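Down below are the structures I want you to see.
Consider the two complexes below, in which chain A is the common component and chain B and chain C are the respective partners.
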Partner chain A sequence: MPFNGKSGKFNASINTVEVGCGEKAMKIGGENVFPFYTFDAPIENAPKIGVMITDLGLENEPAGVKAYYEGCTTLGEIAKKAAEMPGADFVCLKLEGGDPNGANKSTEECMAAVKEVVDAIDVPLVISGCKNVARDTELLQKAAEVAQGKNVIILAAREEDYKTVAAAAGLAYNQKVGAESADDINLAKQLNVLISQLGVAPANIVMDVGTAAVGYGFEYVVSTMDRVKAAALGQNDTQLQMPMITPVADEAWNVKEAMATEEDMPEWGPQEDRGIGMEVSTAASVLACGANAVILKHPASVATISKMINELM
Partner chain B sequence: MALKGLDIFKMTPKTNCKECGSPTCMAFAMKVAQGAVDISKCPHMSEDALATLSEATAPPMKTIKVGTGDAEYSLGGETVLARHEKTFVSKTRFAVNVTPDMDVEAALAESSKVDYDRIGERMHAEMVYVEYTGDAAAYTEAVKKASGKGKVLILGCKDVEAAKAALEVCKAEKPILNGADASNYAEMVEVAKAADVVLGVSGASLDELYDTTAAIEKLGYKNLVLDTTGATVKETFANTVQIRRACLAKNPDRTCGYPSIVNLSKLAAGDENMQIALASVFVLKYGSIVVLDKMDYATALPLFGLRQNVFTDPQKPMKVEPGIYPINGGDENSLVLTTVDFALTYFVVSGELERSGMPCNLVISDAGGLSVLTAWAAGKLSSTSIATFIQENVEPKIKCRKLVIPGKVAVLKGDLEAKLPGWQIIVAPNEAVQLVKFLKDLKANGEI
Partner chain C sequence: MAKFVTIGERLSTTAPAVNKAFTNRDPEPIIQRAKQQLDAGAVYLDVNIGPAENDGPELMKWVVQLLQSEFDNVPLALDTANKAAIEAGISVYNRAKGKPIVNSADAGGRIEYIDLAAANDAIVIALCNAEGIAADNDERMTYCQTMLERGMELGMDPQDMWFDPLFLVIKGMQDKQMQILEFIKMLSDMELNSTGGLSNNSNGMPKAIRPIMDSAMVAMAMMCGLTSAIVNPNDLRLMETIKSCDIIKNNTLYADSYLEI
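Here is the complex of A and B:
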């Protein structure tokens, strides 16, 4: 008697969201099974990988990242090179320079950066802020305007600023709205409801339900994502059927495991290998929990995760 | 499947002798079915009936014990498919792969360098997978070298005679014999039975694995693990998930109710990053043992961190021990900062403090493992709790009298100043990410 497992295919499915335009446009979501459960039903759109670059250039990047972009002198060239990274599907521009506690660049400078990247690439683009909510409100609504016609994801609209950011991105400039909440299924749902009530169509919303590096409270990430997928698919909760996008690079490269130098921790071995390990493990984990897209930065991580996705699909 | 009262009644002698305390066998059977009375209360049940009953009431996924002494581990015994439903009970264990043509001792010594403590848990590869490559004498030699090292051995060997010989040198350590398949299972069962070890079963397909396992169960051996490694990553993932799902389904398929072995050393040989990626997936999705080429810190730090997070009680937050944690070489004259014992908060805050490069002391008091605001709202983080901890534990050891408190409980400043005479209370920003700049500014302003 052969193995007789029941299929775990659901009647409900995740929304399909199209990002970018032209030949290189990509679709995320659309599946009616748990992540990589292709034995239950085919998954049409494989999870996608984005490469994060920042308007501050390469100065603070690890050697392997610098080496990959060698010869690039402008942000436009960096963006182009990021778009060509083997395994990458899209580019994420982080307006890190806008941080008032950091470089504190002017809005005009930041928008010039957006324009330069938009003009340089033809792959889909995600634009993310500097994580300072007050600043991001301004930067992201302007960015939505500057990138008009490119069908980008504006990451992110949060509870505090969704009225401005989601309205600009989702209504005024026809972009995709990235709704960001922090590791709580109820908050994730509430934000989707609020953004929908502004008039943004569900097909124009993606979710960042919060992330952390593995080892750093990652159980909350796992359970939030597990529960979101279970509600979206198992209970047909239409307010949670938006595909999920997870920025991984910032989290993974900013913990002790990736930041301690080999001098400080000789027994830990090469620093860059540890950073890649954290990035790869965090990305693989959020994908296993249902992320439809991840944002990474190291070429070795992108290559590995791309190979993993291909082999699992 | 749970037995109904009537099924149990059929197994009683139907004599209504009342020795069980129930008036009739039928009444007794009903109570047993409800779980109100244990079957052992009836002294007249046959051995067969007892076996059938214990089988039917046993948890659908078996708990399999391997190894001995300090190196004894439980595998399996899970009751849910997602960690938010209930705690995952048996952590994924990592094995390092060795073959007889390697310098086994050197390889194991290298991997054993990774052995550290993370929030009270010892982190190291707990197992060694010894792969058979065709030469029985060399194999026994390799097994001998790998044994006695405080690791659980897994013998990846389908050759019956070679397995027998290798078990002779290591069976006291309670290894796993991962060697049964459709072609040899009857003999392998005898070998495993004789050595009293757990038997690993594999198959060319999920159907073959399933049928072989069923056949082995028929032979009466149920001390098993299932090697779900297939020809490809995709197949392996499908096998591993479907088997776990079938044994935890509403109508559990007990033939699937065993722990799994996933051999990444086979699926992604020589590709460390790919092994890290896949091992992460299988920590989350149902790998009981994951076999890797080697263990180094680039692999260990993410995987053990992930595992520690995933195998926690979803109801109970992870906590760090209260105490003084010096950072960047902080000493008795260094600045004191305090926050709660919620592990996530501790990690984020200590990470930022490390990033600042400034020597300081992070003081953690007992706040019930809650985040700052929750602990404050629940009364577990108060001016009294902080002041008491500072007076009892910090004042005797630290000379600095500047205390930085979390921005989210800035309201405590006044009370703390009153309760901690001699201390200057400084309020930190709301978010940990702002700490680096905050400390830099304090220093620039000459405040610290």
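Here is the complex of A and C:
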């Protein structure tokens, strides 16, 4: 019998979500095949890469990151330079300074940072919080207001605060809502249902289903992302057809492989190279599992992942 | 596995209000019943216009266009003894949300409905029955094979033939119920799709009992591999049972709000 190749194209597809505005607006999602399966059907929107910056500036960044931003003195200049990073499609501003256990900046200070970044760049923007839920509820709600008209992604609304954050971002200020869960596929779906029930249109929701650096329980990340894509495409589950965005930098640069100094671990080689290695391998892995966008911070990682995406598309 | 396909049965000439609306071309009652069924989670809607000997083609066209324009190309099952009416309905049917279903063929006098489905790239409900009620599963399987071969010879995808075991009324044929379920299992083992008029089983029972019996029947039938049923989607207990069975069978992913979606 002759071999008949069967296309792995699905009848269902991931929602297309447009972020940003004007010429530099980007689209994520839209595919009806598994990640990078361009041999089954064309993938119109290649996965996108974001560059993470924080309102705390460059003080805690590795030398290679500092070198890239050399000469930048204000947050606005840093944001502008991040937007120009070769291979990057968007910028992610992390309001790290809002953390009550850290710099504990006032909401006004944080919003001034948002305003400065919004005014400085014309590429799409993602605004993420400080990971303290109580504080983020306030910060992200305000940030959605400050960035009005820019069609940004507010990352993220969680089970604890979705009513406030998703309502502000998705309903009051017409931004995109990032729905965050932590490697729990049932909760990922439930959160989408709840946010939809608030009245936010599916085309205005993206998911962060949780991540970890490779080697740190990463198999949970893989199975969650795989099952989300399989249900979205294979079972036409409309409550899971939101594109996925994965913040990689925070995880990858905060594990011992990236943090141990060369003095302490001479046999591991240069510290910064290890951080890049963790960032690149984590990003490549989540993209292979279906992430439609990743957030990185090192220019070397951005260049490598951008090359990988271009070669595979 | 794909999610269970519910076909809403409430647009039928057997309901006097619907019959009257069909006759008078009165859209309101039809739209209202269709909306109730879709809001309750029906995937397909069955449109039963009865024998429709006089104006079948024209009536079917009217209903198809009415429903599809009102409800975003809702997929439909076209249900009548008038073949010309089914063809007329398909001629104006939009396939964006799913192929039309021809309801129905059997292995006896209505076998040509398979030809009709094949010629129009439609799904066909194939009743495993000829004249009278099949004596046993061997007889049902013979009918199934006859219809399957006919469809395949005409180029149909076997997945587009939804075999109907013919649910039998419990009050009168209680001893046949397990046989029907076993036949569904046989269809499932052959990887064939199946459907049927589920509520036949509870015919003649008190109104309060029917949802309970229908729910039990659908759960057991889904366990055996039933992939679809013609149901009253406004039977909440039944729909909740179907959604729960879809979760247990891993046809849909669980979320705490699964009954609301």
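Following the convention adopted for this analysis, the second predicted complex is superposed on the first by the 308 of 313 C-alpha atoms of A that agree within 3 Å, B and C clash if a C-alpha of one lies under 4 Å from a C-alpha of the other, contacts with A are read in each partner's own complex, and residues count from 1 in each chain.
Just so it is clear, contacts are C-beta pairs under 8 Å (C-beta built on N, C-alpha and C of every residue); 3 or more make two chains touch, one makes a residue touch a chain.
Note that this is a predicted model, so its numbers are computed, not measured.
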item: Touching partner for A:274 - first (chain B), second (chain C), both, neither; value: first
item: Touching partner for A:179 - first (chain B), second (chain C), both, neither; value: neither
item: Touching partner for A:227 - first (chain B), second (chain C), both, neither; value: both
item: Contacts of A:193 with chain B and chain C, given as first, second, both or neither; value: second
item: Touching partner for A:254 - first (chain B), second (chain C), both, neither; value: first
item: First (chain B), second (chain C), both or neither touched by A:237; value: second
item: Partner contacting more residues of chain A (chain B vs chain C); value: B
item: Chain B and chain C footprints on chain A, overlapping residues; value: 227
item: Touching residues (chain side chain B, partner chain A) in the complex; value: 82-84, 113, 118, 206-207, 209-211, 214, 232-234, 237-238, 241-243, 245-246, 249, 253, 256, 271, 273-274, 276-281, 283-285, 296-299, 301-306, 308-310, 312, 314, 318, 343-344, 347-348, 350-351, 354-355, 433-434, 437
item: Complex interface listing, chain C residues touching chain A; value: 2-3, 251-257, 260-261
item: Residues of chain A that touch chain C when the two form their complex; value: 185-187, 189-190, 193-194, 197, 227, 231, 235-237, 239-240
item: Complex interface listing, chain A residues touching chain B; value: 1-6, 8, 36-39, 101, 131, 212-220, 222-223, 226-227, 230, 254-257, 259-260, 267-270, 273-274, 276-278, 280-285, 287-289, 300-301, 303-305, 307-308, 311-313
